[in-house]
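Here it is, the structure in full.
Labels run A, B, C and D following the written order; every chain starts at residue 1.
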Amino acid sequence: MKLYEYQAKEIFARTGIPVPRGRVVLSPEEAAQAAGELGGEVVIKAQVLAGGRGKAGGVRFAAGPEETAAVARTILDLEIKGLPVNALLVEERLPSERELYLSISVDRQAGRPVILAAAEGGMEIETFPEDKIRRRFVETRRGVHPWEGRELAAALGLRGSLLPEFGKFMATLALVFERNDAELAEINPLVQVGSHLVAADARLNIDDAALFRHPDLTKGQELGTQGGPSFVRLGGDIAVLANGAGMAMATLDVLESLGGKASCFIDLGGGTGEEEMSKAIGILGGFSQAMLVNIFGGITRCDEVARAVIRGRQAAPQLPLVVRLDGTNQEEGLRLLREAGVAAVSTMEEAARQVVAQTGGKGEKEV
Amino acid sequence: MKLYEYQAKEIFARTGIPVPRGRVVLSPEEAAQAAGELGGEVVIKAQVLAGGRGKAGGVRFAAGPEETAAVARTILDLEIKGLPVNALLVEERLPSERELYLSISVDRQAGRPVILAAAEGGMEIETFPEDKIRRRFVETRRGVHPWEGRELAAALGLRGSLLPEFGKFMATLALVFERNDAELAEINPLVQVGSHLVAADARLNIDDAALFRHPDLTKGQELGTQGGPSFVRLGGDIAVLANGAGMAMATLDVLESLGGKASCFIDLGGGTGEEEMSKAIGILGGFSQAMLVNIFGGITRCDEVARAVIRGRQAAPQLPLVVRLDGTNQEEGLRLLREAGVAAVSTMEEAARQVVAQTGGKGEKEV
Amino acid sequence: MSVLLNGGERILIQGITGRQGSFHARRMLEYGSRVVAGVSPGRGGAAVEGVPVFDTVREAVREKGADTSCLFVPAAGAADAAHEALENGIRLLVLVTEHVPVHDAVEVVARAKELRVRVIGPNTFGIISPGKGKIGIMPHEYYTPGPVGLVARSGTLSYQVAAELTAAGLGQSTAVGVGGDPVVGCSLREVLTHFKDDDETRAVVLIGEIGGTAEEEAAELIAGLGKPVVAYLVGRTAPVGVRMGHAGAIIERGKGTYAGKAAALREAGALLAETPWQVAPLVLKSLRG
Amino acid sequence: MSVLLNGGERILIQGITGRQGSFHARRMLEYGSRVVAGVSPGRGGAAVEGVPVFDTVREAVREKGADTSCLFVPAAGAADAAHEALENGIRLLVLVTEHVPVHDAVEVVARAKELRVRVIGPNTFGIISPGKGKIGIMPHEYYTPGPVGLVARSGTLSYQVAAELTAAGLGQSTAVGVGGDPVVGCSLREVLTHFKDDDETRAVVLIGEIGGTAEEEAAELIAGLGKPVVAYLVGRTAPVGVRMGHAGAIIERGKGTYAGKAAALREAGALLAETPWQVAPLVLKSLRG
């Protein structure tokens, strides 16, 4: 789960990371009021969960309530990478003397967290030359000590009181990372203001699988969190229901090579209940021309999938449906489908070809 | 720093340890109100920082507001081990089915925390037969996992749902211990109510040296915390000012063997400032017949001690004073004392004999 | 010889009284795996499918000599149960549980390394050496003994491929799921080293997906493997920066693209399949070739 | 030979720009100790008493080959600085700082054990081998070379006893403060093992106090030491359950009483002094005897 900048900054501040003074607002009027309270120049930032916000005009400066209201109105009217801007963060504009980059994320290959730091900030870390980035792996059980931050700061060329300051800062960011089960905690840019460091921007992505122990962070979450089916919206016209991320991606790849394209897919996690499955199927049907169910049951049981398909289909009974069931309790699943008048095909290849043909795809391309 | 039961329970509850419903009250009227809110039988407990509270009549049961008010009045009039009872905790009386003991403390010899558990509770752990106590050392960096609690529970003979319950309970108590820099976190008794465990009593002693990172826990603390001089009240008539716990205890032992007895002592921690020292000396003078200053300066500097003695003495200029200074900056210290008209003696033995003689001790006993 | 399993394992099922634990305990017993004990805290003294249940791993190890654990405990308690296994002498831990928080996985994997315990998973279907034994949840009817070593990140997709292999008359020496999560105990690369030393394995099928660099690291071993490798990668059409399902496959920060992985594998000498049904023909070709 | 020190140490002072750090750096240099570097984060490039100051231990070790650290960093940052020393190759760490939180001490001591680094303290006066060198804060004027090994929990009291020994013509081989805190890196017992193997040490003075069981554990070694031991214990008149000063000497849960310790030491063959001025005569007697 990605948090908005303002949410991330609230958590940062609570743990002891300095952030700019400011507040989140929903309207130009509120923005003007915030600017009045803050005084001086302010920065107005679109709160959207997408990168490239600055380039899209979602970050702008203003001075005084009047200008702030005007700028806020402009930004609220934007759509950034297809997302509407519903909220703004209005903050004091910091007299930044230097910009740095600092993040902690989980390194898959090393199997532990890694700290990345650079003596430049503001642009996406992907665009940094490799030799400008300093890396430090985290021994999680030992935690991150300030001295490790001081060593990293020294390697970045920081001197004087910024050294201990960076040390404390990094240790605190590591605490935020650890306590919130973060996948990513990123400050870009981390700015120097006098002899202090302030998190001018903040990203905090929480591990969905760990949300159960952070009830404060979850509100109104329905699909896409742990336990339930995982839902991904794409651009085409075939709804895909598969089990396992690998099988789901294989299905999408095969559809594409046959000339079709998925509208969305649901990965049924192992052990998803029938109720949840049928609800998911109902949702899928809503924005698709046809549906492909491609299941190879291991921990998932074909009979349960069959029941869910039969129930979920009631929401869109006219939608062309192609089902392929294999694996655990396959016979029972196929029997149920037969009784409900749903024909099942026997191989993944055949299923993919059928569904593409039904949505007007050429279905001819050889793979 | 020892916390009161009600403070400890607040922290326990916040971290997820079940405690009885109840609240802290300061008067019989409030106690009656609390009993009314809680309903049924209540237990009324004196909030004092002393053991043996139960035997002293500081823990009693009552039913209904009227009886509660009467009992509260009785307990508020008590003095327990010399301490007045200023506050009471009024709690629901739990239908306890079994009493257990559970604590975590720092084991000096092992150099790490140790968990003690017993399948009986309610009495002081010192009185338990050794073979009834189960011990488990804590690998601090790994933290305490619920499974360790389940193993301990199994060793205590717990079965069924109490096993995972105890596991969670113990892991949570370890969190309380760790997060609060505790020297001791103790639940005695830990009671079983149905299939659940509840902390019927709670002790939480915080490491004074760590209070700087727990600003929420410290209010109105003056002496006795880290950094300042450490003050201990005793029963005799000689005020003792020494540096280092070892030197202080040696001084007390020597006074006693010469027939004297200390009224109180202050251990000047290494590096205590002159201001603090002179304040401490002023306090000491208040309840003593004479004062002995016994300093061997290492990190402590004799000239600073001399200045503090001269200043602090102004609070009690008539009090007989014996000073012995040795070690770092000794000459300067002795010179300052001479100029202020304070005679210093040259050895610890001589100093001790003089001060005992001045308070009427026989000073004759050979040691 | 087979890989990772030797058939002598004394298997413990953690979470045996749960729905998945009991179901798959029975399936493993059916397949001939030696399931000697179960653990379910608070249920000690019960029995599931004739297997005695204990309150703690300690008792299961002491009473039944368990040395291998197959773990089905739900995600919130999975790391706790895994640590219990690690600290009580289990030598091979198959962590079936899905949705284990990644911070928990980091701790389990780090501690296992210290204790030199082999961890497969989390989020794995387990290990099967057809005809010898299985530890995990794969539908074993689709597997048959033979010369192909199979290693995969994804569960269901690997069943699909195993079924295709079996249908084509190609049995499997061992099939291993390393687990679909970002942090796992045993990498694709590590499984390849086992296949290298395994006489029964004459060809290897590697099923990978976008995200991370596990396939690229595994690719480094292919040239020196001495056995043909057929790779099948999925996620070619996945959009950048979108998490594809639970497993967390995601292209982030320019790492883990299909193109990069495919190039690394191809350059290392692997044959690339583009659909599940292309795998078996390529294996047959490589074995002939 | 001397104990713990060999005179070849390349000493780093952590917290060298502070009041205590700079004062005692000068005192150590005066005594001939080889202080090669100081660390004070943010003050790199400065010099204190001619000693170069670095921002990190890493630099001090790399530039000046420091292998020993004497740490004066205030309590709130002491553990952090100690870990920095441990992880950067320091082999002997003398932790002078008082009031280190006990949870911090536990972590430092545990990590030092893993890395096999010797930690003296926290809350120690350090180590002195009179005439050879010192690392710490003891007023060295009161010490002189000779045959008595001195080990103590308390600082000032041990200065008192050292002064009494010196006045009586009894020099010291090495004097070690293990530190007055509940959890320390090196125990009384461990120092006794060093004195056992030290040819220069002909008698041992042990200065203990109530609380804990360090004296009882040390007592177990006395019979096999081959050298006379004079013990001086304080806290005979301390009330039960009251913390006697900063150092945390306290009789708790029936453990750590004066009587118990005195009995253990006496039974092991130690001579017991009852005042500081009884120590030297007892040592003289034991050396003659």
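Going forward, a residue touches a chain if its C-beta (ideal position, glycine included) is under 8 Å from a C-beta of that chain, and two chains touch if they have at least 3 such contacts.
All figures in this text were calculated on a predicted structure; none of them were measured in a lab.
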Third chains touching both subunit C and subunit A: B
Selected interface, B-C versus B-D, where C-beta contact pairs are more numerous: B-D
Distance from subunit D to subunit B - Cα centre to Cα centre, in angstrom: 27
Between subunit C and subunit B, distance of the C-alpha-averaged centres to the nearest whole Å: 55
CA centroid of subunit A to CA centroid of subunit B, Å: 50
Sites on subunit B at which at least two other chains make contact: 141-142
Contact graph of the chains (line, ring, star, complete, other): other
Interchain contacts (touch definition) - all pairs: A-B, A-C, A-D, B-C, B-D
Subunit B contact footprint on subunit A (complex, rising order): 141-142
Residues of subunit B defined as touching subunit C within the complex: 142, 145-147, 150-151, 154, 159-164, 167
Footprint of subunit B on subunit C - complex, ascending: 41-42, 44, 55-59, 77, 80-81, 83-84, 87, 111
Contact footprint of subunit A on subunit C as seen in their complex: 19-20, 24, 75-76, 96, 98-107, 109-110, 125, 137-139, 142, 152-160, 163, 180, 182-184, 187, 207, 209-214, 217, 234-239, 242-249, 253-254, 274-278
Of subunit B, residues touching subunit D in the complex: 51, 106, 108-109, 111-113, 125-126, 140-141, 178, 181, 183, 207-210, 212-213, 226-227, 230, 232, 234, 242-250, 252-257, 265, 267, 269-271, 295-300, 326-328, 347-349, 367
